[in-house]
Every structure is written in structure tokens, then in C-alpha cells.
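I have a structure I would like to understand better, so I am pasting it below and will then ask my questions one at a time.
Labels run A, B and C following the written order; every chain starts at residue 1.
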């Protein structure tokens, strides 16, 4: 990875992705080796939208590298309320930090902001746009549990609005994965995403389903996402759909013993707690993988900085 | 102290308590000796209720040990708002940290949460339940000022709702202290606490009073708590009671010269500012003792962790 | 600088100011030399009013010196809401930290608070009162760009309410600067400030104008401040004034090529973005200078502390 900024996972080639995952695996195997690697470096956190785990995970990653963070805090307590532009805010805060992490509700915000700063900027979510570090930790978790070669994955739930899902699907197409998309009709993948995936698709296949059962036995990985109640005009329709896309031990009876179940969390009740202690469950591991993967990303982006001169 | 978690002071034997206080005294005497002791370790802060000083005090303690913190931030900005269970939240965040501190409005939350995590969990208050680190810093302050042997203590104010007071009372019963409880009738100790104390009581005595004057001359320590206005249906009744349980130089005329006055803070006007500069006042020292005592607790819980292997 | 606290820039002699600026320049030239200088030290942040950049800048400064911070957080989540006095709050928090930074909406709060604590206290703004570290970073930026000797400066915008402007004007009077104040009549410098400046003024001159054009060609520095919409009873009057005091390339046609344009930020539209990439613009540099200047201040105040014994 030799980019100044990390804005979208689309900018990453298969080699780029593998470089990040390899570095993450090295760090995971021996975290003590990097415990002081970026001592004295500061990561600026600019979260214009609430986020617990992405923010904590970046903060943990930076601190596990020996560095520290400076946090803009909530928008309510910031100069943004006085009418400051995003371009001005990032130009001020880049003076405090060696790299910036930006989450913003507006699609394209990270791209725009990155044009105004000289330090590396990482996109931690720009509205309906991209969230590349989530994709990289998902890929890392898949590689650890099922491998990325000849992968058959089911992606289930709200496929219409989830930026997590779209990013992951594009990245997996790079690895020629067989992708099965399972959702109620009203929450299917947007047609343009399906089109892009077909265009891009190497040897992989893209299939859409409205039920898990027909495809479950063939899956190496089942990636479950939250179906948001507020997407449905009618509560009864939500209840019906939510029930059908809920995973429990009964649902998984026809699954392979090696199936890996993932979820970006938080879940509400898409996955029954009884799954948590089975070998299927990889969603807490997935959340924890945010740390080594973000350590790897920060390490690669900060490399060549002042400490290495 | 050899526990994985610290949930309640009831779990601590007299020896356990003394081990913590001894360690705190060592740290207090030579803080530089531990300044790098837990370098690279991270403490996860999960405060589901606001708290300034408990949180700052834990943060200070961890940083004075060379470690650092990662903070979940307020509930408003967290995944909890999306309906995530406490069990899921702690399982995600344990992936970021070497130990967790939890404050939660629901009694029993810390016990429940501790069953889901492998890292040490410290209860920093669970509703009307327990707050063991407050009790330990209170005991440390008492030991420094009056000693824990053959102690006569008055505990005054709101004894009905204060978890601080109940925890302290149970812990002092272990030390056979003579405990006098002074409160308006409507804010007396709950009957079950009195019962437990009588059951538990070794050589110590438990007495209840509605006035300070009769017992003040015999006290080594007077522990004052805040009487909350909102407990009273009637403002005039509050005014009467609040006035009677207010400490000033006139109130203390019959006190021993060696009396130590404590208060968990914040105070409103239970203790007149004129007391602040007298030898009686130990409440700021008590607040400051939160740091060495929490350093001792963290040090004992983190011992045997990865850095020591 | 040999003061226990930093409350107002008025307490600083010309020598004091130069000591801070010299130290900041040294640090700026070689930040690595101080990267561990205050390791283990903690700075307590008490912001009773929102502030992004002052707070981030102090936090960055302390961390660039190898230290760390403990932050009280917002007033909403603090004991202040329970009715605690400022005197009690600072006395508790001084037990956690080696120095305190206080921002408070009440004028005089920093002076009052400083009388209750033994650790150095830095005023980061007390209502309409003082904000000395802003003044020092302004002076540093002026010295770097135009020099402080024989300076001709224009200070423009809202001169009535801006504490930043008043502090800067007093400090510049110490350096015998020629100061031109440019504002609409309704936002002129308060008469008592003009009076004080005349009293204090060595060889420098104080002039007031209602238009920039007559004085612009003679300026070394133009310091622009934000005109707040809410100061005007009538929107149309605001629009007229705001337009007249807006800087763009056309406005600057008669300016010296060496003119330095400053602004304390955030700006709304007092300075057109087209100025940002010209040699005139020093406002982002000015914001960034908050770090070395606050590092210098912290370094001088923490000197002689426990680590140096």
C-alpha cells in the first residue's frame, strides 16, 4: 500500500489488500514488536457522526502502536457549529496530528477533505459512501476463518442501504468469490451495484436469493447484517421479514460444520445468543480484528514519516 | 487480592482490603517506582451513567501506572442506542482493552457483564448496588487519619439511598468498628442493612441516632453525605433537615481535636467552607486518595498479565 | 517566565513574552528534543464552555512534550450539575494533575480558581476576560512573519466584544506597535480599552478607522476577526457591514506584497477562500502555532516541578 490517503477500498488492488492483511497477521502474531513503533505520533479523530466502535478501535490501534490520539469531540462542542467549513476544520486539525481519521455524514466528504491536507487521511465512513477499514477487517476475518481462495459466501439482510455490504462485495469480486445475496425483495442490492459486480467479476459468480435455505449448505461464510426497523413503513411487515432472516441453531442445521458466521455488529436479534458459543460464531473475533487491521493500516500510512527519516 | 474481577467490597476479606491499602501506601510513598509499570496496557472505560471524578480518577490512576485508556464515551453516541445488549457491548470492548471499568445504572450489571469477559472487570457503581473502589479509598483515608483499629465512626446524612454508605458500613464491620448512624428518620439505614450488620458484626457496635450532638465527642471520624433535595416531597421539610445536618465550626465545638471529617463529594452545603482549612477536613485528601488506591487495585488485577510472563 | 499561574497576558512583561516566544521557536525548530521532556506528567482539562481548538491544541502540546491529559468532559456529565462550586471542583481535580487548564464562562473565574490550587493553572478564556495563550500565539505568528519591532498592524472586525483583540492590543502596546483599529461604529473598541492603550502606550500610536482602504497600504499585518450576526438587531444591517469588512484579492490590491493576513478562526466568510493559497495568508499557520507556543508555556510552567528535583 503506497497511498497518501485511504478513502475507498476500490482504490486498493488485490496486492494492496494482501499487503494490509499480511501486515495485520504479523502484528497479531507479535504485538509487542510494534508496541513503541509510532511513539510520539498523534492521530487526529474527526467524527462528525457518532461511532463507538470504529472510533475506539482506531484509538486502540494507535495506542497499541505506541502513539496517541487527539479527538475533536462531538460536533455540538466544536467550531463546526459556528459555521466553519469542513475544509477549514481539517486544515486546522492537521496542524495537530500526523494523520487524520474522518467520519462524516456527507458522501464524498473524505475525498474532498483529503485534497486540503498534507497528512494521510483515513475515511472512517462518509454517509452512504465508503468505509474501507471495515472492509479490510472483514476480509481479514474471512481469510483467517475460511480463506479468500475459492470462497463461497452468503451476504444476508439489508443489502440495499448497507455501505458495509457494498464495499465488501466489490472487494470480494477482486478475489473471484462466489457471492450469494440473500434479502427480502424490498432490501435487495441496488441494481447498479449488481451491474458493477457483473462487470468487474472475474471468475466469481453473483446470485440473488430471497431465502437462505437453498444456498446455506454450500456456504463457507455467512455474513449477516442488521435489518433496520425504520426501513419499513409497516411494523407487521418488519416482523415477518426480521423473523425470516434470523439465525439460530435450528436455521443452521443444514450448514457445513465449517461455516463461519459474521456480523458487523451491533446486532439486535438477527443472530440468537445460542450461536455465540458455537464454532460458527466469528463476529466478536471480527470486531476484535479491527485493532490489528487498523494497526496495519496506520503503520503502512505512517511509514516513511518523520520518525523514519 | 487474587480475583479476576472486582464487583463488590463484600467479596474482599480483611486481608484482601489490607493488601490493597498496603499497596496503595507503597505507591503513594514512591509513585515514580510504578510510573512505567503497566506501559502499553489499556483500560477500557464503560460509563453508562455520567461520572466526573470516578472516571477521571481511574484514568489518572491508569496513566500514572504508564498505561492508557480507551473510553466508550457517552451512551448517546454509542451502539447502545441501536439496541445492543450490555453483554455484546462488553464482549466487543474487551477486545480493545486489558481490563474494563463499568458503571451502569442497573443493579447487578457488573456481575452479569463479568460473566461474559475474560479480562478483569471493575465495578465503578451499579445503580443501587456496589461501588467497591469508593469503599477502598474511604478505608484508606480512614486508616491514614484515624487508623482502622478500635475505630469509632459517625456516618451522617442520607443513609437510606447511599450505596457508598452501605458498602462502607459492611467493610467497617469487618474491622469491628463502632458505627454510629445519624440521619433524619425518613433517611435511616434500610432495615435489612442494619440486620446484616448485626449478623456480621464481630466486636463492633451499631447504633442509630437522629442527632449528631450526643455522639460527636466520641467520634474519631465523621463521614458526612449529601442529603438530596429531590428525596423530599416538601421543600420546607428538606430545609429543616438539611440545616440540622450541616457541619460548621460551631457544630464541631464539642468534637475531639483529632476528629477527621470526610465526605465523598460533591458537597452542596453539608459542610461549611470554613471547615476546609481546619485540621478536621480530609475530604479533598479523600478525593485525591482515589488515585493511589485505584492504582493499587489496577496493579493487583493486572498482575500476572501478559507483560509479566 | 516565573509565575505559578498564567491568568492574563497583562501579567507578562515584554521579557516574559519574549522568553515564551524564544522557547516556542526552539521547540518548533527541534520538537524531537522535547518529545519525552514531561513524560509521566498529566494536564487536567477543565472546559466549562465548549472549545475545539483551544482544547485540542493544549492536548496536542502536552502530548508532544511526552505528557498526557485528563479531561473533565462536558459540564453536562460532571458534578457541576449537582451544584458543586468551582472552588471544590478545581481542588478535587488538582489531585489528579500536575497543572490545570481552565475555560469558564464567568469573567474572573481563573483568578478565583487559582487561589485554591497549588499546581499551575492556565486561563484558557474566562468569559469576556482574558485568553493569554491566544495572545501569545498571535504574537509568535506576528514575530515570525513581520517581526515585532516597528510593527504597523490593522485589527479589523468586531472590536467591541472580542477578548482576543483586547488582549492582543494590550500586549502589542508593550512592543510600541502602531495599531490601527478598523470597525463599523457599532463595533468599535470599548472606550476604556482605548483609554488604557493611550495611557500605556510608549512610542506606539493608536488610531481608529471605519474603513480599511485608507490604512491598508501601510500595514505589515492585517488581523481580521469574525463579525457575529447575532450582534445586529437587523439582518440587513449585518449584511452591509459584513460585506464591507470582507477580505478578497480585490480588497488587497493596494496592500503591500509583504502583508500578513491573520484570523483567530473559525471564519465564516470574512476572508475569501481565494486568499488561502496566497502568500498573505497566515491564519492556518497561526492556528498551528498554538502547539509550539502552548508547549513552551507548559514547559516553562512545569519547570522546577517534581521531575526536576
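One rule holds for everything that comes next: a contact is a pair of C-beta atoms (placed from the backbone, for glycine too) under 8 Å apart; a residue touches a chain by one contact, two chains touch by 3 or more.
The chain lineup, named per UniProt: A, B, C = Aspartate carbamoyltransferase.
Keep in mind it's a predicted model, so treat the numbers as computed, not measured.
Taken as a contact graph, with one node per protein chain and an edge wherever two chains touch, the assembly is complete, since every chain touches every other chain. These two copies of the sequence, chain A and chain B, are related by a rotation of 120 degrees on CA atoms, to the nearest 5.
Mean C-alpha position of chain B lies 41 Å from that of chain C. For chain A, the set of residues touching two or more other chains reads 68.
Residues 40, 42, 44, 68, 70-73, 76-84, 87-89, 91-93, 95-97 of chain B touch chain A in their complex.
Looking at the complex, you find that chain C touches chain A at residues 32, 35, 50-53, 55-57, 59-60, 63-64, 66, 68, 74, 226, 265-268, 273, 284, 287-288, 290-291.
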